[in-house]
Amino acid sequence: MAGNSFGGLFRFTTWGESHGPAIGCVVDGVPARVPLTEPDIQHWLDRRRPGQSKFTTQRREPDRVRILSGVFEGLTTGAPISLMIENVDQRSKDYGPIKDQYRPGHADFTYDAKYGIRDYRGGGRASARETAMRVAAGAIARKVLGDEITVRGALVQIGADRIDREAWDWVEVERNPFWCPDATAAARWEDLLGDVRKRGSSIGAVIEVVASGVPAGLGDPIYDKLDADLAKAMMGINAVKSVEIGAGLGAAELSGEENADEIRMVDGRPTFLSNHAGGVLGGISTGQDIVVRFAVKPTSSILTPRRSIDRFGKEVEVSTKGRHDPCVGIRAVPVGEAMLAIVLADHLLRQRAIAASHDQP
Amino acid sequence: MAGNSFGGLFRFTTWGESHGPAIGCVVDGVPARVPLTEPDIQHWLDRRRPGQSKFTTQRREPDRVRILSGVFEGLTTGAPISLMIENVDQRSKDYGPIKDQYRPGHADFTYDAKYGIRDYRGGGRASARETAMRVAAGAIARKVLGDEITVRGALVQIGADRIDREAWDWVEVERNPFWCPDATAAARWEDLLGDVRKRGSSIGAVIEVVASGVPAGLGDPIYDKLDADLAKAMMGINAVKSVEIGAGLGAAELSGEENADEIRMVDGRPTFLSNHAGGVLGGISTGQDIVVRFAVKPTSSILTPRRSIDRFGKEVEVSTKGRHDPCVGIRAVPVGEAMLAIVLADHLLRQRAIAASHDQP
Amino acid sequence: MAGNSFGGLFRFTTWGESHGPAIGCVVDGVPARVPLTEPDIQHWLDRRRPGQSKFTTQRREPDRVRILSGVFEGLTTGAPISLMIENVDQRSKDYGPIKDQYRPGHADFTYDAKYGIRDYRGGGRASARETAMRVAAGAIARKVLGDEITVRGALVQIGADRIDREAWDWVEVERNPFWCPDATAAARWEDLLGDVRKRGSSIGAVIEVVASGVPAGLGDPIYDKLDADLAKAMMGINAVKSVEIGAGLGAAELSGEENADEIRMVDGRPTFLSNHAGGVLGGISTGQDIVVRFAVKPTSSILTPRRSIDRFGKEVEVSTKGRHDPCVGIRAVPVGEAMLAIVLADHLLRQRAIAASHDQP
Amino acid sequence: MAGNSFGGLFRFTTWGESHGPAIGCVVDGVPARVPLTEPDIQHWLDRRRPGQSKFTTQRREPDRVRILSGVFEGLTTGAPISLMIENVDQRSKDYGPIKDQYRPGHADFTYDAKYGIRDYRGGGRASARETAMRVAAGAIARKVLGDEITVRGALVQIGADRIDREAWDWVEVERNPFWCPDATAAARWEDLLGDVRKRGSSIGAVIEVVASGVPAGLGDPIYDKLDADLAKAMMGINAVKSVEIGAGLGAAELSGEENADEIRMVDGRPTFLSNHAGGVLGGISTGQDIVVRFAVKPTSSILTPRRSIDRFGKEVEVSTKGRHDPCVGIRAVPVGEAMLAIVLADHLLRQRAIAASHDQP
């Protein structure tokens, strides 16, 4: 209820501020005897780590994750798994005017409105640094899902520049600094983002995450539908402003005939001939790919001064001189993947709880 | 967890199938001494009721709501409020092939996959009939919010035809059968939908719901952000495929300069000069209007046959001969309003729980 | 959170006041395809019904339960099950001074303190009438548990008069109006309670409920231990003042040697040689009988005047002239059984969620 | 749901095993701007620390608590508070036969039954070491309660030897190694426990915890009654076998006349003349002292060999040679206090959420 936990049966709670001594999370509800090591988690953290190209912040976080509980001799025990990353970058420094100013687009104003106090150092709790723990929890969720379910993500749009979906190549995603599945688009974005960065400006983006191999039957109607939980999971990521499932917003423009995903028997199995539904009908997975897209607003920290006020009601101009990501959407790709894996792991466990009775009427 | 409840402190649970004896809900967590009568709720149900124009189904549901508990001498008592509507339309009839067929776009296939059984009468639990109870719960939520917070909705797009936002007039919304705020668009839609209906086809739509007068400070970071809960609330409505906050998907195409909502002091109060944020920053309300949009897919029940299978794996063609809404998005407007009111009422109570300490340091 | 729901995966919510139009509950999380009919539930309600002997109140409640949703063609569907009992006894009448007085031992004073309003008719929400819905939900829980798990209860003490545990006979429990397993004690209690009743007085009691056939492994350490959830379940029953597991309070007087439940292999299976633990170790079931006892205070409504105040702060004397149970503990037996079945059903489903992975390392 | 969290609005999650690298907890839902420092928490941990007399284990745990998040410049920020204690005692050693044996009275057997794996080092997650984090969370709960609510505990019985309640003196509680409020009893216990310890035996105990200054109105009927939540809180403490509120088990032996807590107006305020209710009526606090008692079984680890089996089904004899507390009940006193404070803090916040409307009808 207090807001720092996510999930029902597979449930995790994160803690820590951007410039505090550490960040961490506790993952509860993981079944016992799942193999798990620190490198299993570190692998996904390394993919997320900023500073790997000139298009993401240069903060050098080694982000070395430690497992503090819940794993014994390489296997989970059913006890809560505590993960921690120490903030090596944490140092006392002068935060200057940022201490009292409300940066437009940031949560400074609202944190003060809600709590009457604000840890202004590096954005405190509202910093995207928190998402490292989502990626860590997502790594455990992947273990729960097993090898037959794969969760992948890609950047499909920067600004108004969309990829060519016909050119989609998952291999390409790992080859460019944008997680872009279209090599040609990636080349264009190199120029586009370089220009944005030079101007000290920023730009939005759209991410698509996809899960394959998900069995039919996951999701709890009416209010814990699989797509409803996915919408909550994605909209809760920093800077996200929209979430779509399958045809998404485009579904509004379709006719019933176009939108229908017809079904045939192929090799003796029900097979959908299209996937406008994005793998979810009535809030329950169909067995098709789960397809989720979300839009990320442009980074709020920019060079051009913007008008604002400070906490004393004094009018000020705010501009950000330090280094910031020109497009925070890039770093959101591994976070979106993690949240998708987490929602699926949670619903997989939920379904196990009630599924056994099918054969016991 | 089992999926039929929504909310934390203001929490309701719905029950009932489309063709069962009744539908109902239990609303728990309502503060005591809130004035509440059956007409207070009936008012909003009547707005939602189908069969009020040729563009919504002709099922004649009087939808007479009864309060069975939790209210004493016109005031809530703090006890759970039980609401019930009897299904007068409920009668034994021959459901024919629908009994075993999986209608494309419906939840038939997935309910069978999940539960191994399906109440096929009128869509059972997956029917939009369930949304009547959301509207009823929303009526109570409005009482909790009080008169200073208003929640309104409108249809802003049918198919590819968008309203002119400059022509927005809330008064017009109550004057046409589409909840359309733009009189010119409403006239166009009359023709557009009439044509769709005649062809036995269907079409999607986009709804926008807005809350005004919401105080700054509502929402619980990190995972129960106000916008995350709104995304879950809206995506959980039948047929919804996307949810947007403020600039929404369009934010992807903005630069940081464009997207920034600048702040000035006006009449001694912090005032935002624009609202790309949709009234939410860092998951917490800013005091501006909360603006949420969601897209509804076209009605899945159409006249043109679509290919599918039945539960025995036999290939079939499915077409719907009976009357169905050509655009389910119309009926989703009051439902979206209700869900917005519910999310806000919940977060208002949550904020009260922690706010008192601000002045006790 | 608002207090009218119980359980995690098997979860029910009750509603209704003693003298309102009806009482009911919604049971969510029941797996699909469990056979369920109204008589299955009515059977257990009839056992609980008051007015069956001179030792319980004479209110004639037919208590006819209806299933309003969630069951189709005799099987559960996975949708929420709504149950309702109409209050035929409900009639407008003059409640006289009780309207404003705080009856000692009742919740009148505290409901006013908490809610600032009170439905005084028949005790409103605080009436033991609410427990009928626990028994109804318990009947569904028994179905989920299946035939191999049996849940039974008995009255083991009235006032200071205890049964002879050597004389325990489950068959005898159904033969006397006290659910007493010791025929000799039942005969004594006939006199004892007859005397209490004649004097318009009342007396406390101790109930023991036992579940057999429970598999080892149910319960979620650390805070959702099986015994912790049972303690919450029993302490939440009206008038209960203590809960014990196994040796219970008596464990305080034992030495470690006496308290140890030794284990041997019998017929190739681990077998405990005693059960001081009451079937729970470390919060997890051992496979032995689950043994829970709880004490019920004497009925607060008595003939002898007691000093109190009314809601205006005026000092008054309160005495109850109407008929009331001389020992509410008797009626608590079926309620305790129901709560035990409910807790076990909930933990059985929870365990299924995580158990599957044991064999998939 | 997974069991390692407690509370609704004031909610904490603990993690860590007895011999892992650290233990910790995350406390969420703490209002902002509550003053909090590490010494505030350390104070209560020091009271709990074992090894302070010959009657508790000699493990030398400095138990130095660190605050890792949620506090800024000496005040809480509303963000989750992460606490950690490193396990300095943690070292690789030979656990010998304990690795595979099921110690009677311990959770070895049931953890294996539930999880199919067990961290046998020092009892793993089932160790009483976990309770240190309850005490830490309880220290924060006390801060939320403020100075006007005091929470205290005492040992009132060891084995069959009860204190003289007439001799109760809270000052004495801090003067002897038993938290005994009766100096004469404390002297007797010195001998009693010395003897138990020499024989390598153990003995049970009863603890009483009391909260004063609690306002009337806390607790959520029907299923989250204040006493129901207290029962869950106390029964969930290691080795607890019974929980009582007010007159408790003794209420069974009272008549209605004896049990009634009469009310008079004293100094213009409603005043109860006795407290058999233990400060709770209908699940809601009355404003009187909240009085809870719980019984702790004798330490399971004793010198005398007991019969058991190992995980391979081989019959063995188990005896404990190392040092163990002869009476674990002693160490349970600060833990019971902490859980009482936690339950009250949670319900205080819950009440704030709904109380504001009293004056706004």
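Order of writing sets the labels: A, B, C and D. Residues in every chain begin at 1.
Here is the rule we use: contacts are C-beta pairs under 8 Å (C-beta built on N, C-alpha and C of every residue); 3 or more make two chains touch, one makes a residue touch a chain.
None of these values were measured; they are calculated from a predicted model.
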item	value
Chain pair with more C-beta contacts, A-C versus A-D	A-D
Farthest chain relative to chain D (centres taken as mean CA coordinates)	B
Averaged-CA centre spacing for the pair chain C and chain A, given as whole angstrom	45
Intercentroid distance (Cα basis), chain B paired with chain A, Å	26
Distance between chain centroids, defined by C-alpha means - chain A, chain D (Å)	39
For chain A, residues contacting two or more additional chains	1-5, 8-9, 14, 29, 32-33, 75, 78, 114-116, 125, 350, 358
Residues of chain D that touch chain C when the two form their complex	1-6, 8-9, 14, 102, 104-107, 109-111, 113-116, 125-126, 130, 157-160, 196, 201-206, 216-225, 227-236, 241-265, 268, 270, 273, 276-278, 280-287, 295-302, 304, 306-309, 313, 315, 329, 350-351, 358
Chain C to chain B touching residues, read off their complex	1-5, 8-9, 11, 13-17, 20-24, 26, 28-29, 32-33, 66, 68-70, 72, 75, 77-82, 111, 114-119, 124-125
Of all residues in chain C, those that touch chain A in their complex	1, 9, 29, 31-35, 75, 78, 144, 146, 349-350, 352-358, 360-361
